[in-house]
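Shared between the two complexes below is chain A, which pairs with chain B and chain C, respectively.
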Partner chain A sequence: MKKVLEISLGVVTSVGGFLEVGSLTTAVQAGAAFHFQLIWAIVLGTICIIFLVEMAGRFAAVSHHTIADGIRERFGFNAFLWPLLAVLLVNLLVMSAEIGGVAIALELATGIGFQWWALLVALLAWVFLWKGTFGFIEKGVSILGLVTLCFVVGAVMLKPDWGQVAAGAIPTVPNHDAANYWFMAVSILGASISPYLFMFYSSGAIEDRWDESYLGTNRAIAAMGMSFGGTISVSVLIVAALVLAPHGIDQVDDYHQLPLILIPIFGFWGFVLFIASLGIACFGAVLEVGLQQAYLLAQGFGWTWGEDQKPRDNPGFSTVYTAALFLSALPIAAGLDPLKLTIFSMALTAASLPLSVIPFLFLMNDKRYVGKHRNGMVSNAAVIFVIALGFMLAIVAIPLQIFGGT
Partner chain B sequence: MALDAWLAGAAPQNYTSRTLQSIGRKLSGAETQIQSADSPEVPDRAGLITVISRLAAAIANAEAGLQENNPARVERAQRDVRNAIAALAATYTKSFSPHP
Partner chain C sequence: MDMVRDILDKQVIDREQVKIGKVDGLVAELRPGKPPRIVAIELGSIALARRLGARPGGWMAKLSARLGGKRHGEPHRIAWNKVREIGIDIEFDIDVRETTIFDWQNWLRDHLVGRIPGAG
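Moving on, here comes the complex of A and B:
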């Protein structure tokens, strides 16, 4: 019974914590511009993150190491430095985008410009991290994030042609705007497979003191939580395709357009639900990425770490999340467009994935860490395939998008 | 869509107003860009600038209606916005469609 409760809570937190500014905006843009044609990118990204999250939990439960810890120990500090720098940089951009997401939600709610909210959001997140426990951050905010299920309700209420939705799960070549199509595909993959997601999960498993008895729980949480989370992203895409395109909106390049996707379905409540979804989902992500930055550096340098300890007992850990939060708030406070930053940081995430995922795959195949629980052929192949695809698409699509081309 | 939502009472005034301001800024940027470009790729540049100005004026009018909380003025401006968008689409197609 205890395990069933744990699985349910784990699934609920995964679902509530899945949607964030990256998955939301990339799905809205993809739906508006390419109807259901990019559903495949969400499906591929979700499959990949299911494998990665399951591996992260399995690695932590069996080896009692976090991923960062394992990479540093197995490959040495010099080799660890490159993935560390790449993930730190990408996380900083992602955190900036998430702070931008909360700031946009606050602008939509109050009419006061988003840049005025950035530092306040960072301060509020800092108070949560300083005062909160891991359980509170992991479960409390994620459970509030269940408000994002309104997109699933909205998608069902719009009665889409489910045959067309299913057809969107099969990759096809675009018949217009090819550069934008592939760039969107890369951004969706980056939003779905953010390294902070699975690295945070492995740190969480250590914080929650998982052991081998949690392997089944881990598998269930990874598969169900991430699948339901992916379903929310697909629902956002469906809603955007069915609401925006008929009004002639095929480009979403202004964040003011975002709330319009729920208004025709729920009226004024659609506006409220959108703001709540964006604000809560992004705030949850700010907390998770902030913690992940601190985990990463503390584990990499061998400092004491843990969100359940008092800040004075792990000064390095708390200094990192403090600095990361305020650094990330600066670009938004300076007026950088959160939507543009989001899309760019998601594409960059996809390009940087090999740096963090490849060393992790080595660990998952190392008997010294995971013993008989090593990866099988299927999980190795699935992850390598998606990461390679995301990387190659990013290498081609990012320059095309920046310098123009079709 | 934002004006529809405001007229239906489904979107607050400050959100709708900010959306219109943002569109206004984009139109102004597009107008400046077209004016400054001297490539032969825009054959009917003057026509294009005229319809963009018409659209910008209709958006400004809608925003003024919003500030006055005057649905009738907003509705009239909304019709002008729709007409200007149709004219813009036609001019754009004429200017940028491949010539045989």
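Moving on, here comes the complex of A and C:
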């Protein structure tokens, strides 16, 4: 009974925490521009993150190391510096984008420009981290995040042609705007496979003192939580495709267009639901990425870490998330377009994945860490395939997008 | 035991189980005709910077000495004979409060973190 409760809580947490500014905006843009044709990218990304999250939990439960601890110990400090710097930088950009997402939600709700909200959002997030405990942050915010399920309800109410939806799950070559298509595929992969997501999960497993008895629970949480999360992203894409295209909107490059997608389904409440989804989902992500920055540095350098300790007893750790939050708020406060920043940081995430994922895969195949719970062929192959695909698409599509291939 | 593989970069804890850093460097004694023997481990930014090269090591030593005074111009050392247990972490029979390892964390607590309301 206790296990059932634990699994459901874990699934709820993952579902509520899955959608954030990256998956939301990339799905809306992809649906508007290419109808259901890019669903495959969400499906591939979701499969990959299921494997990675399961591995992160298994690694923590069996080896009692977080991923950062493991990479540093196994490969040494000099090699560890590369994934460390890559993840810190990507996290910084992603956190800016998430702060931007909350700020946009507030602008849409109040009419006051997003840049005025950025520092306030960072301050509020900081108060949560300063005063909150790990369980409160992980569970509380994620349960509120279940509001994002409104996209699933919306997608079903629009009665899409499910045959077409299924057809979109198979990769096809676009018949227009090829450069844009592949760039979107990259951004979707980057949005689904965020390093902070599985690294945060391994820290959580250590904070919750997991051991080998949790392996089954871990597998269930990873598979169900991430699948439900992927379902929400696909639903956003379906809703955007069916609502925006008939109105002649095939390019979403202004965030003011975003809340339109739920209005035809739910009327005024659609507007409210969209703002709540965007605000809550992004705020949850701000907290997670902020904590992850502090976890990463503390674990990498061996300081005391843990969200349940008081800031006074943990000065290094709490200083890092404080600095990270305010640093990330600055670009948004300076007026940088959150939508552009989001798409760019998601693509950059996809490009940076090999740096963090490949050392992690070595650990998952190392008997000294995971003993008989080593990776099988399938999980190795699945993750390597998606990461390699994302990386190759990224190095082709990012320059094309920046220097104008279309 | 392959010391570099098994000890370097491990998590270090003190006798109160407080996480105090990683094994950032090893100090070995060369003995004629016998394999070298580990006499101490080093922790902290100077030891880390030295692993990147002699020059970064020199810069970090100067910076630390300027920020923290002369006693911070060298890496923190813990004698190898203080080792208590080697497992997931490596435990030393010391109390971090009696060392200078956490001086920077204490400075942060006294000058920044502790002054913000709600720090506990």
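Methods note: the second predicted complex is superposed on the first by the 405 of 406 C-alpha atoms of A that agree within 3 Å, B and C clash if a C-alpha of one lies under 4 Å from a C-alpha of the other, contacts with A are read in each partner's own complex, and residues count from 1 in each chain.
Just so we're on the same page, a contact is a pair of C-beta atoms (placed from the backbone, for glycine too) under 8 Å apart; a residue touches a chain by one contact, two chains touch by 3 or more.
Note that the coordinates shown come from a computational prediction; the quantities given were computed from them, not determined experimentally.
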item	value
Between chain B and chain C, more extensive residue contact with chain A	C
Chain B versus chain C as contact partner of A:Gly270, first or second or both or neither	first
First, second, both or neither for A:His247, with chain B first and chain C second	first
Chain B versus chain C as contact partner of A:Gly371, first or second or both or neither	neither
Which of chain B and chain C A:Pro399 touches, first, second, both or neither	neither
First, second, both or neither for A:Thr304, with chain B first and chain C second	second
Partner chain(s) touched by A:Gly76 [first = chain B, second = chain C, both, neither]	second
Touched partner set for A:Thr319, first chain B, second chain C, both or neither	second
Common interface residues of chain A - those touching chain B in one complex and chain C in the other	none
Contact set on chain B toward chain A in their complex	1-2, 5, 8-12, 14-15, 17-19, 22-23, 26, 85
Residue numbers on chain C that touch chain A, as the complex places them	8-12, 18-22, 24, 43, 48, 51-52, 88, 104-106, 108-109, 112-114, 116, 118-120
Parts of chain A lying in touch with chain B, wherever the complex brings them together	107-108, 110-111, 244, 247-249, 254, 256-257, 259-260, 263-264, 267-268, 270-271
Of all residues in chain A, those that touch chain C in their complex	63-65, 69, 72-73, 76-78, 80-81, 130-131, 301-305, 310-313, 315-316, 318-319
